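Two complexes come next, and they have one chain in common, chain A, joined by chain B in the first and chain C in the second.
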Partner chain A sequence: MLKNTLIVLVIVVLFLPLLPLLVWSFSQGWFFPQFIPEQWTFQHWIQVFSPASRVMEGLVQSLAIALTTTMLSLLVGLPAGRAIGLMEFPGKAALKLFLLTPIIVSPLATLMGMQFVLIRLGLNGTLFAVVLVHLMPTIPYMTLVLASVFANFDMGYEIQARSLGASPLQVLSQVTLPLIAPGVVVGALFAFLISWNEFLLTFFVSAGRVFTLPMVLFTLLQGGNNGLTAAVAITSVVPGLLFLLLASNALQNETTLAGLGNV
Partner chain B sequence: MPFAERRWGLRHDGSGLLTHWRAYLLLLPVTGIIGLLFGGGLVMAFLQSIGAIGLLGSGQISLTAYQTALANPEFLRSLTLSVYIAIVATGLSTVFSIGLAILLRTAGRWASFACQVTLPIPHLVGIVGVLLLLSPSGLISRWLYMLGGIQSDQDFPLLVNDTANIGVLLHFLWKEIPFMTLILLAVLRGINPAYEMQARALGASPWQCFWHVTLPMMKSGIFSSSLIVFGYIFASFEVPFLLGSTRPRTLPVLIYRAFTDSDLTRRPEAIALGIILSALSMLIVVAYSWLVSRNYQSMSRV
Partner chain C sequence: MSQLVLQNLTKHFSGATAVQDLWLEVQAGEILALLGPSGCGKSTILQMIAGVLQPDRGTIALDGKLINRVPPEKRDIALVLQRGLLFPHLTVGENVAFGLKMRGINRAEREEKAIAMLHQVQLDGFGDRKPSALSGGQAQRVALARSLVIRPKLLLLDEPLSALDANLRAEMQDLILRLQTQTGVTLLIVTHDQAEAVVMSQRIALMFNGRLRQVDSPEQIYQQPSDETVAQFMGGVNFFAIQAQGQQWKLPNGLVLVSQHRHQGAIRATIRPEQIQVFTEMRSQNNIIPATVIANRFTGTQRRLTLAIAANLTLQAWVTPTQDFHVGQAVWAYLPPENLWYFSQASALPQAVEVP
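Take a look at the complex of A and B:
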């Protein structure tokens, strides 16, 4: 009983910051000390969907960047996760530490160096440059999650399938991938969320031309329009939340996350 | 899986060297990309900071930028603030996450799912929420006014952009506790409950069982997740920039300000500060791995 009360209390506190967002997004001039707004409006939401506010443009760009980053991270993370999870080799501990660097070390200096190179290559301000910098934090997470799943993977299934006449491609698509699916889903969720949330990395290489949703929100936050800011904030929660719902089963699988607890 | 097979990489074809080559080949794309982007960026930044390349680089190598950066009286204050925020937020997050993970371990799935729902919420959204909740004209201030606790918004304590950085700390707790709990819960679920049952059967109190049995088994999970959280908070920019005190500023905010300064001559100083920040974070990683390896040695001695 006490336990459930505590848990409910934690959940209420976790959701508390979302409450003023919801109210503000429908309110017209909500002055202190009014408990609820005097006037309600859909104006902020209409603005979110109007091209002038560039919110939808930001949403589409963010989505394109996050999905591309996730796919690329998966592509390189799969072989690396397999190597770390299933094989032993000299330098493995050092390699895991190396992979942690982009997650733990501040990216500021690196970004300044990359910006210097990207400007000279004429790539500054392109979607390509943004995807490139987003790969720095997403690849380590993807690799560590996949390595964790591969560590619990029994290669006997693959050997069995091969000996029964399956081609390497068939083994991959019909045996390996289905068995590691929870890791793929959780790794993709982390990669997507990191890229979707990223402000600083995008800021440094976007040159004001790539306008992701966090950039829109950051700009709005320094203005004074609470209603529109709240509406945009709620909008930028939706895709991540949908992805989380899709991945909720895989998140319950402890082998997908145990790797992050053992770096 | 037999230990020797995993330990020595004898799973495939028995030939050790061949297996190693395969492992390195599989790892090449990841290490290549991270090395090229992160390492390459760092090298280019360093070359700029010593004046070898860059806008104002005369090609003459000098350490002037580092001298200017370290002579800036704000540097030490910023560093202290960054370390203070990272230590307090990580420490509190760790303690609360251990508690929450233990609570959720035996609770229904609804509970762990509900605690995960705030996980995908972007930091910037959390910042907006914290501002509209805790500022002097925020929701809680309005509630207090209605209850008669305060007479005007002037009476509400300053919790955002305050000198103690309460707003920053609360934001990080709100954001990092669900993340750490998720990892620790996975660690807990992977623990064989037989040890705890045995301890209880032998007469250990619930507290003794937690302190001497459960917690030691969670150790590596606690170490790793708090390292990730510490590194993240130490390097974080948006949260202290928008919710933190205006003076002193955290190190990343100081660097951002110097780099985006209209005075371009401040660039080398900003880059030098960035290099110092990276070096400090790397020291943390090294110290951590030393701590962990020492910990494992002491475990194997037992």
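Take a look at the complex of A and C:
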């Protein structure tokens, strides 16, 4: 009973604020004292899907950037997390602290320097530059998540697989990755959502040439069109929500969880 | 059937010596136990043979071919670790077939071989289960099946039974020996349990602190240990200082024993407690010593007597449990001359063994 009450409460707290957004996105002229909008309309949603609003363009670019960022941070985070989680080496504690700096230090403090470097390199305003700055917070997240996953990983599995005839690549794909899959999913989820929602760094580095969904949303917020803003806001929540649902599905799978060292 | 030769094998870990100048030969089809207390370097040797650790110095040869630089997956050496380590994301059948899959063998043949192998370890019908649904003994049998199905040249077992309870362990020992006979695989077992080494192997390589101390058949290690540490590790409890004059060995209390071995001067002598016979009447015979029972412990299979011979000289004699004694009883202990063994000071030093 208490459990059900709590679940309802959580849903209310998390999703009730989204309800006005939903109403706004389907209405025309909904002002303060009115309880229901004057008029219902699909106009905002039609606008979302029209090229003129550039919402779909932003969505595609955001998706491309977030996926690339996630893949690249996995590529760096897997070996780095493995080294930190499984091996002992001098300066390990200092390295872990150093990895936290992009999370601790405000991006505003480093923004000018980054932009300066990117302009000097001729990368300012490119998709690649945006991915680069997104990697700054995502690589530390990914590395730290995977380091804690590998800390519980039994290297005996890899030794065992090698002695049974698996090459290092086969060990990675057939044994290590399946066993640490839950950690990889969590890390990827973090990286994807950080990149997906990133506004400030993108805004400065893109020089107006790369147009992500948060930037579309920011422009609309200044414009004052509540209906369209609400529709775009909902659009921007959907991929993250989908990814989260997929991830929680993967995390509930008991065989993937069994791989976390405790057989 | 393959022959393994280790020469001059040495491994250090950040300054500490794990294995020092090890020479060892395992014959094709042989079962050899690498025995020693924990931390003596035996697992390090196994990992170097398997190829997951690189030796600092020395060579490893399998069938006359140097394999130092061969990666573990190409060595055809299968390793079974203490924890079993079945892959939790695969079924039992997929676990057994893992090595075959890595070798690119097609699914039908893989399944057929896995099923046959599961039959050999008496786990018919377990193929679709998950490893988490197995008991410790079953998991260890699957681990064995998984290693044997690839027909390795050499099978390495690292303390494979130490996590199992006593009854199950005996059953598993029989199974391992039976599988070894069926497959003829060369088998190297690492263990810290001297009883297990004796039961399982044809030869025992006993090591302390990274060095081999004695390589011999279980019988010889029992009867003729190379020094007192070896004797103690194998369960020896009777040690005396002796003044030897040829075959006449004089105990500290003046009694003289007759031995089959000749020696001159001060030596340490030993006799296995189960080889001492205890009589309730005096007999006129060599090596009969009058003694008093000061402790009597019944273990089920044996009666363990502690006998006082002189003020500070006691003997342990393990006799059949049907023979009964009471504390304080006067008895006569018979120490058969053929079972008396000795160490001179020289043989107590570590020695290189089996230099090919």
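One rule holds in what follows: the second predicted complex is superposed on the first by the 241 of 263 C-alpha atoms of A that agree within 3 Å, B and C clash if a C-alpha of one lies under 4 Å from a C-alpha of the other, contacts with A are read in each partner's own complex, and residues count from 1 in each chain.
We take it that contacts are C-beta pairs under 8 Å (C-beta built on N, C-alpha and C of every residue); 3 or more make two chains touch, one makes a residue touch a chain.
Worth saying up front: this structure is predicted, and the values here are computed from it rather than measured.
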item	value
Partner chain(s) touched by A:Tyr157 [first = chain B, second = chain C, both, neither]	second
Partner chain(s) touched by A:Ser167 [first = chain B, second = chain C, both, neither]	second
Touching partner for A:Ala80 - first (chain B), second (chain C), both, neither	first
Contacts of A:Met112 with chain B and chain C, given as first, second, both or neither	first
Chain B or chain C, by number of chain A residues touched	B
Partner chain(s) touched by A:Leu179 [first = chain B, second = chain C, both, neither]	second
Which superposed partner A:Phe26 touches (first chain B, second chain C, both, neither)	neither
Shared chain A contacts, counted only where both chain B and chain C touch the same residue	154, 255-256, 258, 263
Chain A to chain B touching residues, read off their complex	3-4, 6-7, 10-11, 13-21, 23-24, 31-35, 75-77, 79-80, 82-84, 86-90, 93, 95, 97-114, 116-117, 132-133, 135-136, 139-140, 143, 154-155, 189, 193, 196-197, 199-200, 214, 217-218, 221, 226, 229-230, 233-234, 236-237, 240-241, 243-244, 248, 251-252, 254-258, 260-263
Contact set on chain C toward chain A in their complex	47, 50-52, 71-75, 77-79, 81, 83, 85-89, 98-99, 101-103, 130-132, 146-147, 150, 156
Interfacial residue positions of chain B with respect to chain A in the complex	1, 6-9, 11, 19-20, 22-24, 26-27, 29-31, 33-34, 37-38, 40-48, 53-54, 100, 103-104, 106-107, 109, 111-133, 136-139, 141-143, 145-146, 152-153, 174, 178, 182-187, 189-190, 220-221, 224-225, 227-228, 230-232, 234-235, 237-238, 242, 252, 255-256, 259, 270-271, 274-275, 277-278, 281-282, 284-285, 289
Of all residues in chain A, those that touch chain C in their complex	154, 156-157, 159-167, 170, 174-175, 178-179, 255-256, 258-259, 263
